[in-house]
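By written order: A, B and C. Residues from 1 in each chain.
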Amino acid sequence: MNAAKVVRRNVTVFWRAWRFSFFLSVLSPVMFLSAMGLGLGSMVSETDAFGGVDYVDFFATGMLAATCMQAGVFNATYPIMMKMMWQRNYEAMLASPLEVRDIFLGELASIGLMLAQVAVPFAGVMALFGVFDSPMAILAIPVAVLLGLACASVIMAFTATLQTDEAYTWLFRFVVTPLFLLSGTFFPIDELPLWGKVVAQATPLYHGVELVRQLAIYELEASALWHLGYLLVMLGIGTALGMRNLERRLVP
Amino acid sequence: MATMSPAPVYPRPSYQRAVKLVRRNALAYKHYWIAFISGFFEPVFYLLAVGFGVGQYVGGVPYAGGTLEYASFLAPGMLAASTLNGAVFDGFFSPFFKLNWLKTYDGIITTPVNIPDIAIGEMMWALIRSTIYGAGFLIVMLAFGLVHSPWALLALPAVMVSGGALSAGAMILTGITKEISSLEKVMTLIVFPLFLFSGTFFPVSQYPDLLRPIVQATPLFHSSSLLRALTTGEVGTQTLWHVVYLVAMFVVASAIAIRLIRRRLVS
Amino acid sequence: MSSPPGSDALIEARSLTKRFDQLMAVDSVDFDVRRGEAFGFLGPNGAGKTSTMRMIGCTSPLTAGSLRVIGMDPVTQSSEIKARIGVVPQMDNLDIELTVRENLEMYARYFDVPRDIAGPRIDELIEFVQLTEKAKSKVEPLSGGMKRRLTIARALVNEPELLLLDEPTTGLDPQARHLVWDRLYRLKQRGVTLVITTHYMDEAEQLCDRLVVMDNAKIVTEGSPRDLIARHSTREVLELRLSDDERGRLKEWVDGISDRVEWLPDRVLLYTSSGDEALATIHERGIETETALVRRASLEDVFLTITGRSLVE
């Protein structure tokens, strides 16, 4: 499949920076979990609201999902815009037998690989912090990657429509950051006022976080299917929309 | 006549010329005002999510012999973090791009504005941005009832001292980084740990004995401790030490930064 | 070489030297630039032209030797010198976070031009470089020629006595080049001293009253373009393209018909007082040429004669 060639190009570039970036992707969760989970967590006196688990468990599972969401969104913004507009890599690729569809799917798959590279070390760090107690927890990794991909597909569809990078400032500061902090990562959304709760439940991060937690620290419930369905549908819509938008952009 | 100069005598920096960089940045940010204000919100979101969200489940933070409600503990930490944000954006990110990518300074040094003027001007601007962020955050704290003492009147000058020290520190980073990959390194290895571990989210008493002195050596620790003392009213002789640390850092770091930037711009 | 005190030399360089670690960029050069003239540095890339310009512009300290610019010392009096000169660098370094007009306004401020003077002067400059319609545009979308013109306008915002132009037209299309040349010519008419580096001989011939040829960090010759051609070349040059066989035949007896021959990879250059006569002789001997061109000798030929290499590789 031609999309594989796009993956291959990205892997080649990525490999060079890999070692250090691996170090960073281990270091970030270690720091975050130590500060919030251990430092702040040691002061959390009531754990009922967190389903009876330690705060570090609650926080770490939320962070795994949130980190993948952020990485997915980021990689669908500047890096894609750079190749689409500034370096014109896609123009060059289209001069070969590659189709727009191959480019889109190839980029999405590359983001998937990158997300795995974030999620696996993160989960490893979580294991060291003693977060997991069931083998089911390993499934939290693909779920976090799926969440990142679903976000990436929608944002790539958005990127394909942009002429400048100005919108990204808004996206990161007023969409991604509030989502990250307020969608149940740091504290249960039950605490939010009703409207906040409704908004939070509509976000992909909420569903990703819930699913990760059910797999890793809580009991699996029927609602897991609904969360999984949400993410899959989002990925499907994002991909369809993204291919359409990129086609319109590159082959006007 | 200029002959063989082993250690050339550079013209003294001029504040009149340095201020021109401040005006240049003010002019440029007219086009990028969203970017300017957006950095302010991050610590505010943290205050809401962690201070109030998680804070509910925290019984109380041991502080100055008593206990402090968590949001009141966190808020000055985030106030310090907002000055860090301002300093990093305009003491590091923006000068990094102007120096290495946009070549803005290469043009400016052909005018009567000299290299030290540029370094000083950029630090002044970063300090202004830090101060604006800090002042805005103080208003947020007042609105949420997180200011508990009239000492807080001194928080604004304290914010400036903190912003100055951190801006000068950020400018050193500008002087020693070249590659685009340095941005991520600086964020993950310096800015992020400072943000998390400087007594911002939880008190230094939570650290093991071995780590505590390391935390106490960081600038953001002194900045957040100083601001916390002022907003809670727990002011003592220790408070003065935080000021001394930050002022000393400002003086030393800005001298080093000017030297480093000169080395980068002289060909 | 040395000018008497009170002379009209605007720049005086004696044994001017610039070394970067291992690399000798400028190796003990001497030159004077007089007020009101257009002075050129001609040479290939890496000859030391830009390093020399940077030292004059006070953005690069000299390693050794001495330099006076407008009677001042570029190291200790950099601000004073820079206030009176304008610089057009090799690579445009416009402030891309500002608009066209804001670029000029900001530079006027760097130069302490009073506001009431700066306003009308900027209007005039924008018109002078034909950017009136783009005044409110950001810099990035401008074409290469427009950016170059804006850089020139920027260098004029302080009404400099001395304008340093480092390869002012490299990378421009022919139309844009001619527009830039025209503007520079007008500035010279107004009495602005121009110092120009270039590796284009036509640019040097068009613009410079006097020039030095640089190669490998040294000045190899100096004079007016016409002097240099007269001194180092013949009046005309015959350029031939031939097949390899014909090249071999030509080699055998060419000495008789020209003063000097250059065997370039793609062409043969015959230096002679009359190109037509030489070509006639060649045809008489039955040598077939693919193309033949008679032209006047240029600075390119001067450079080739002195260094044995062509100016633009």
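Rule of thumb we're sticking to: a residue touches a chain if its C-beta (ideal position, glycine included) is under 8 Å from a C-beta of that chain, and two chains touch if they have at least 3 such contacts.
All values derive from a computational prediction rather than experimental measurement.
**Student:** Quick one: most central chain, C-alpha centroids?
**Tutor:** That would be chain B.
**Student:** Where the centre means the average of the CA atoms, what chain is farthest from chain A?
**Tutor:** C
**Student:** Please work out the Cα centroid separation of chain A and chain C, and write it as a whole number of Å.
**Tutor:** Computed from C-alpha means, the inter-chain centre distance equals 55 Å.
**Student:** Any idea how many Å lie between the Cα centroids of chain A and chain B?
**Tutor:** About 30 Å, centre to centre.
**Student:** Would you mind pulling out the distance in Å between where the CA atoms of chain B average out and where those of chain C do?
**Tutor:** 46
**Student:** Find every residue in chain C that makes contact with two or more other chains and list them.
**Tutor:** none
**Student:** What positions in chain B touch 2 or more of the other chains?
**Tutor:** Within chain B, no residue touches at least two other chains.
**Student:** Hey, what residues on chain A touch two or more of the other chains?
**Tutor:** none
**Student:** Once bound in the complex, which stretches of chain B touch chain C?
**Tutor:** So the residues of chain B in touch with chain C come to 1-5, 8-11, 14, 17, 20, 23-24, 27-28, 31-32, 102-104, 106-114, 265-267.
**Student:** Using the touch definition up top, name the residues of chain B that touch chain A in the complex.
**Tutor:** The contact residues of chain B facing chain A are 34-35, 38-39, 41-42, 45-46, 48-50, 53-54, 56-59, 61, 70, 181, 184-185, 188-189, 192-193, 196-197, 201-202, 206-207.
**Student:** Can you list the residues on chain A that touch chain B in the complex?
**Tutor:** 17, 20-21, 24, 27-28, 31-32, 34-36, 39-40, 42-47, 49-50, 55, 166, 169-170, 172-174, 177-178, 181-182, 185-187, 191
**Student:** Going by the contact rule set out above, which residues of chain C touch chain B in the complex?
**Tutor:** 51, 54, 57, 59-62, 64-68, 73-80, 82-83, 87, 89, 91, 93-99, 102, 105-107, 109-112, 138, 154-155, 158
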